[in-house]
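Each of the next two complexes has subunit A plus one other chain: subunit B in the first, subunit C in the second.
Our next item is the complex of A and B:
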């Protein structure tokens, strides 16, 4: 499905001293089967933005379109199923006695047969490489295992768009790889993924498009190469030095390496 | 954070906000006791006018302050209703079966409603104009004479501070968990009371687990920063009881005295 956000605005606690304008008109499109990464500093509105994607937060202004249809006209449960939202630190919402029960929570709300529920639970746990956790208590797992169980709990709805809010924050490298493989696997299967992340390496690795937020507005959007290298003034110092010396800007698959910068400087100084 | 209820601090600067928390605590205590000594409607109305003036001075918008009173409106309405229906005093104005409305009942209902509203308003003004930490400091200080009889005044105040400090945190956490479960198809407004209560289990379990984890972490964090209780502990914010605080307390007493005599 195609998910479109048009000029979304959001004000928290309007007309009180705590009023905060978190989003000031954000528009973006998630095409079917693409991975869209949302980057930006803390407080730039990333988490607020993604909660509009399944209308968990109702925008103060603007609209959300699902395949061109106003999302408010859809049944709420239908929208929540089609746009699966995984919160930041989703493991803090685990509650059932076993992982299997917990992952089964969402599919059970969909009025499926027990056999179907079980199948989906095992399928989504396996997709996260967590099949062996099914019978364990979610409270006795390691951090990475908890995270995978919690994400499986959303995946079990078989969403058409999976929204992940900083899914790799605080994870060990193995689980991180696991998650990135899941994202690429979902894209392969035609599921769109929205990935909120602070890790630009990870974004460069999996994203088809990047949207950079700054103070509640879209600062830049485009392919990773366009966003990372589009504005020379925004590039890191070593990249600026290297592009100056070699006369061309770095691109994806043609990055600037530290050694290259060093060599260029050496050549300049005639060492 | 989206809804404001009774007892929330309203951070603006005003003469009322600037008073010493101890003065405000004592004044509120005196006020509450005084309210029960006033037995004329005129007296209550006079005190209400003074309180309204105080709210104006405190720079809390009237609408916001009145919203603080909303949670008690049910109790007020119930009290008035009972008084009107069951007090058998004065002239009968209206009768229907065994129910009768008397002038005395109306008067008493109005009087009690006013008293409850004033009670809640005074407490509301205290918490709206005093930061929770200042409030706890004030309470600790007022309770400190009891330390002589081994009453743990500092610990009680610290517990209060922590509890107050974590109300919004737990509220935010609850919102987050509710959001996460809603994203998984939970519906908290569907079905009868039993079903709705059951639907809260996926929120309450992680919230409780989280609260205990947080408590553990906070205890560790406090100990690793050298916290070891109240003995010899100094304060970042020293409380100072100034002339204006004494004056505020004296004015409160005077107003109540006038109210009682009216």
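Our next item is the complex of A and C:
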């Protein structure tokens, strides 16, 4: 699916002393099967923005289009099935006695057979490397296991767009790498992924496009190379290293991912 | 087999000492810690790393008496945490991962005083110690602030001040920055660096770069102590890192792959400089 946000504005608590304009006209497109990363400092509007993608928040101005059709004309349940949203620290919403029951909660609302629900649950847990957790209580899991169980609950809806808000915050590096591999696997399967992240090094590894927000507006958007080489001071470490070398060694070009950067550095004469 | 019984090592010279310590959680098939021996000399800054489930948190809980070893011997400043947990907690302060869980009082200064109140410290001395602790973490002026108004990094500094007020000589840090954003991490690490000159520190973390300046790094995996290395050797040992699912940050990882000493090159600037120096002198140096 192609998901398009056009000139989205959002005002919290309008006409009160607490009025805050969190988004001041943001436009972006999520193409089918691409990974779009949304970056920006605390308070830049990232979380507010992604909550518009399934109309969990209704924009004060602007519109959300799903394959060119106004999202407000779709049934809410259909929109939320097709655009799956995983909040920050989603593990705080785990509630069922077993992981399997928890993951089954949403797909069970889809009028599927019990066998089909079960198949989806196990498929989602396996995709997250969490198949062995199915029978356990979500409350007896480690932080990383809980996070994976919570994401599996959204994945079991088989969304066409998966929105992940800071999915790797607080995870250990190995669990984080597994999650990044899952994102690339979903893209392979044609699912679009919107990744909100503070961690530019992880954005560098998985993003096809980057949208940088600042104070509720799009500051820059484009390919990772366009965005990061345009502002190397706020770029992943790979781009920082390469841009420091580009002055005297222009042949290094503009690598972003770790592997590309390592290859470019190894290709330097005399290294 | 070496005799590790009572008296073979003068444990009085160690701040923390574990001898062949094993522990299994009830109902679990395999030990969480298996025959782990380690010593911390007074004033050392020792890192602990390893995959989830490797035994890091179990070790921390044995040290402050939250858990009791099935076998082996644990000593913290010559006290046994299993039988004298309250004595041990005067000597060893434990900083947890999530600062939210530790803050209990309506105002910052009450929170910092909380640990002391349970030790029967006279009022006047308590006031001094709380003020000193608040200064040590750079939160002067925050005394009457309410905890919920603070950032994550500030909350973790309040929790640290609460430990410092008790004046333990040993600090155990259990992933103290993993719930914080980049700015919060930097500020907490900055205050921890200042403290290292006067404390013995055991620092559990997933962020390997936090241990670049440590004296030693211990690797726990599958409940066993699999390595005890200097940072120079640890960061250069690609096999050790891989086998224990440890991931270096980008700059040291690039440095390691290119054959530079990763523990010496921390920033993009330092790595770029080293690369330029080598590529420019490479042909001459042969």
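Everything that follows uses one rule, which is that the second predicted complex is superposed on the first by the 231 of 271 C-alpha atoms of A that agree within 3 Å, B and C clash if a C-alpha of one lies under 4 Å from a C-alpha of the other, contacts with A are read in each partner's own complex, and residues count from 1 in each chain.
Note that in this section contacts are C-beta pairs under 8 Å (C-beta built on N, C-alpha and C of every residue); 3 or more make two chains touch, one makes a residue touch a chain.
Remember, it's a predicted structure, so these values are computed and weren't measured experimentally.
Asks: Based on the superposed arrangement, let me know which partner A:219 touches: subunit B (first), subunit C (second), both, or neither?
Replies: The answer is neither, since A:219 touches no partner chain.
Asks: Using the superposition on chain A described above, determine whether A:77 touches subunit B (first), subunit C (second), both, or neither.
Replies: In the superposition, A:77 contacts subunit B only.
Asks: Who does A:95 touch here: subunit B (first), subunit C (second), both, or neither?
Replies: A:95 contacts subunit B only, not subunit C.
Asks: Based on the superposed arrangement, let me know which partner A:170 touches: subunit B (first), subunit C (second), both, or neither?
Replies: So A:170 only meets subunit C here.
Asks: So, does A:136 touch the first partner subunit B, the second partner subunit C, both, or neither?
Replies: neither
Asks: Based on the superposed arrangement, let me know which partner A:118 touches: subunit B (first), subunit C (second), both, or neither?
Replies: neither
Asks: Which partner does A:54 contact after superposing on A: first (subunit B), second (subunit C), both, neither?
Replies: first
Asks: According to the stated criteria, A:261 is in contact with first (subunit B), second (subunit C), both, or neither; which is it?
Replies: It touches subunit C, and subunit B stays clear.
Asks: Using the touch definition from the top, list the residues of subunit A that touch subunit B in their complex.
Replies: 12-13, 16-18, 51, 54, 56, 77, 80-81, 84-87, 90, 92-96, 105-106, 109-110, 139, 153-154, 157
Asks: For subunit C, which residues are in contact with subunit A within the complex?
Replies: Answer in residue numbers: 51-53, 178-179, 181-182, 206, 245-247, 249-251, 253-254, 257-258, 268-269, 271-272, 275-276, 278-280, 282-283.
Asks: What does subunit A use to touch subunit C in their complex?
Replies: Touch list, subunit A to subunit C: 42, 142, 144, 169-170, 172-177, 198, 201, 236-238, 240-241, 244-245, 248-249, 258, 261-262, 265-266, 268-271.
Asks: Using the touch rule from the top, collect the residues of subunit B that touch subunit A in their complex.
Replies: 1-2, 4, 10-12, 64, 173, 176-177, 179-187, 201-203, 205-206, 209-210
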